[in-house]
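By letter and in written order, the chains are A, B and C; residue numbering begins at 1 in each of them.
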Amino acid sequence: MIREPLIFEISDKGKRAFRLPKLDVPFSKDLLAGYRVREEVEDFPQVSEVEVVRHFTRLSQTNYAVDIGFYPLGSCTMKYNPKVNDRAASLEGFLAAHPQAPAELVQGCLEVLKLTEEFLCEIAGLDAFTLQPAAGAQGELSGMMLIRARLAERGNPRRTVLIPDSAHGTNPSSAHICGYQVQVINSDANGRIDLADLERAMTDEVAALMVTNPNTLGVFETDIKKIAGLVHSRGGFLYMDGANLNALTGISRPGDMDVDVIHINLHKTFSTPHGGGGPGSGPVGVKKELEPYLPCPVVKRKNGGFVLEHNRPKSIGRVHGFHGNFLVAVKALAYILSLGPEGLREMAEVAVLNSNYIRKSLEGHYHLKYQAPTLHECVFSDKLQKEQGVTNIDIAKRLIDYGLHPPTMSFPLIVPGALMIEPTETETRRDLDLFIQAMTAIAREAAEDPQLLKDAPHTSYVRRLNETAAARSPVLKWTRSMKPPQGG
Amino acid sequence: MSYISLSDKDKKEMLERIGVSSMEDLFRSVPEPAKLNRKLNLPPALSEPELLALMGDIAGRNTYGGFLSFLGAGAYRHIIPVTVDHLSSRGEFVTPYTPYQPEISQGTLQVIFEFQTLICQLAGMDIANASLYDGASASAEAVLMANRLNNRTKVLLPRSLHPHYRRTIQTYTRNLGLELQEVGFDGSGRLNPADLEAKLDDRTAAVVCQSPNYFGVVEDLKAVADLAHRRQALAVAVVAEALSLGILEAPGRLGADIVTGEAQSFGLPLGFGGPYLGFMACAQDFLRQFPGRIAGLTSDLEGRPGFVLTISTREQHIRREKATSNICTNQAWCALRATIFMETLGHDGLREMACQNIQKAHYAREQLTALPGVKARFSGRSFNEFVLQLPKRWPDVDATLRKRNILAGVGLEAHYPELKDCVLVNVTEVLRRQDIDRLAGALREVLR
Amino acid sequence: MYPGDFYYTKDHEWIQVKGQEAVVGITDFAQKQLGDVVYVQLPQVGAKLSSHQAMGTIESVKAVSDVFSPVSGEVSAVNTNLAGAPELVNQDPHGQGWIIKLKLANPKELEALMKAGDYEKFVEGLDK
């Protein structure tokens, strides 16, 4: 495939892709004289519409996507993105709604926010949700700020947050921005939170434990109620990272496990598209005690309609300029309405079925560090293949030659050389079997012809890319004299 | 509706392979007390036509669309070329993951690289990231970055900074021991330089300056940056209306150290506030304290050029609690739309669109301030928004105009008690002369 | 493999004493663990360090490691070549890949560190 040039490489003076209507107000000749106006925007592109369309169409063809095939990325929940949800979010009434419009004129938007909140409350077993956080990480930060605000009102915001060693990197990062120090809790031999370690660590200076359930190994924290009891007995809060909620919908509810705060990823559990890295949405749910601290404004039902409540003196404030990623919430709402209660339960059941099918089929071919039962994801490692000098990265790159996206790599940190696999419930039997066949073939190749893996991928648009050179000599924008870094 | 792709036969065979007899067995590790032993209390599943009908009804309960609207204040209605929807809706752009496997994500990565380049060109800077959530949180990230760079704890925020941005910065910085101090505005609507100078000291990490500011007034960024630098403080330029960069001098050339803001104007619908598009750009020297994902150029095994996410050790998945930001998922698809928008408009199109905004807003301001009793509240020059001082109570004027299906602007008194009966009026290229004349005519009658 | 006149820490730094001054770097084991080094963050010349204090970081593509000062002292020089050629840490970790030079505050602190033989045994134990 011929390399698609950067737009700047095909740009030239005199080409235009778009015409504006003529100015219909009297032109004020010397108006611009009163401004610091720029001569030009140097090297800003000038191309035709044909060039724009071909450029982006061809670029899109070099991308892998869920619409093309399987994405077994652990903890990402790369399920199918229903097209009807995109259609719902394209309704003119939603697209055209200005966020500063008076509430009376945007009752439909407020209804979306309120319904989504109420449905998430039922699914999660909690009392209130905010849809303002724009992604999971922002949800985590918001959730931690709620906890801190509550503790501060009680007299002591406390100093530390406990985080398991299997946690996602956003957890400690968010705790830090909230002004907390992080203390790591060890996992036991089964991959679950070590209760003895937790008991030792849980003091009156600990604000919260951030838990993921099922955890990043796909293992359910069977002692979750005991864990909650421990944390609560010392006046702390239990925060749940809801990234793995896809294993639990309709089966078990975080609120019933005594979780106080949760964030949910709409772009995971609730099927909104990943778009190459976002936008997502990270709604945060709380028990009643934390409701007064939610970001503001809050949508309330009143007199058969909806209002925005701005006067909330205990609110942590704002994390977003307006109401969060509203159109993403529309898609999630459409999804919940499409599936209904049985569909949401089936979602979790089949997610767990598909993952265990893969696990059973790959055991023996790849090393499984933890033997505990897993739900919607499982974590293998490259330990067996390392004996031939083959790493998880080589396995991943070779999967690309089989037309598949690799699993999540090198996470969680407690499994060296990890391959985290989460198929989700929307995968076809054919694609699951293709993945299993590819993985078993690669295990064989690792033993018989390791160099084949080390040079992979062979059939993609570009061969393996040199990340060392990229980091040593960063070229982060186009310039006329730009040269691709080599070596390293 | 269900998106399960397994047949009954598939399920049976898969359960057999696993070695269990039913779906329930798969959840043995969930203790009974934790199980929900009832159906979720949610409405029954809808088919596609029923779903669209219901969502259509809900959307129909928005009556805003029937109004002639001059609302701005951080969210702007602009032309969106058809190419933007058409190209961005391709499944290969909508449904991929973050490009952590670059060999099969070159489309996404090259778009990010082009986006970063375009932002650098507009902002007059060396490096830009792949997006942040929105202008408000981006401003907060810029403040945190300034503090990391010089370890100072005081930040000066203009009163003329968007109130929602100010609130977001307060929320983000509350637990980090940073002191936020407000700098007032003067009769021009711009940051008061005397007040700024008085408050600047050796503890100041950064001076934040929004331009055009919340009142639509274009600030003297150069003067503000010069003052800040005299005290070795960083100058953070916030641009809530990215289109202004198509004509106004780049903040990077006026002395800004960090340029950040909102690019919703570039191809994103109003969408009741999101998803929008935060952006940030800065000087090369600050690279290691820069938040957000960055794409870089490299070569592959055969020497062909390609793109990868790079300098990732700044980010949360590696640096964890020492990361430059906790951001993971960003606004990538929105950045794609903005890139298509910028490349479709092109250099001359963007400049012309920006000029039309200045001209139309100027025309509107002339027409409206010619009405008896209506004054321009600030003397400073506008991009596409300006503040009118009315001779009658704004809530009354607003109510009457609404009966004529006109929304004249955003009232300012709620956030600025000193700006009683003032309204912020936004005029972009989508409004026609007759729309502006209709507002003027209606306002004239209302004020009679 | 490991120079006999160096001292070594459990965090895989080495220190070579030359009179009142010493040179500090990271060991071959450490550079192998890190992978291709892409960036080294150095302390300022003149900075006063205490024993075990984090004085900088070394970044590879996928990891960051703190570098700790093996003993207390004042930084008298930093290896500015690492800015343009961070790969020196991989290619010659015990020589050209040196990181800082220190004026020793208390030479007795060296007695607490490992010598080459002990460090080799320590590393072998880790590899298992």
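Here is the rule we go by: a contact is a pair of C-beta atoms (placed from the backbone, for glycine too) under 8 Å apart; a residue touches a chain by one contact, two chains touch by 3 or more.
For clarity, every value in this text was computed on a predicted model and none was experimentally measured.
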Per-chain CA centroid nearest to the all-protein CA mean: A
Result of counting contacting C-beta pairs for A-C and A-B, higher pair: A-B
Whole-Å gap between the CA centroids of subunit B and subunit C: 45
Whole-Å separation of chain centres (CA-atom averages), subunit A against subunit B: 20
Chain centre separation (subunit A, subunit C; CA means) in Å: 38
Residue list for subunit C, restricted to those that touch at least two other chains: 38-39, 59-62
Residues of subunit B touching at least two other chains: 312-313, 318-319, 322
Residue numbers of subunit A (touch at least two other chains): 467, 471
Subunit B residues touching subunit C - in the complex, by the definition given at the top: 288, 312-313, 318-319, 322
Complex contacts: residues of subunit C adjacent to subunit B: 38-39, 41, 59-64
Residues of subunit A defined as touching subunit C within the complex: 410, 467-468, 471-472, 488
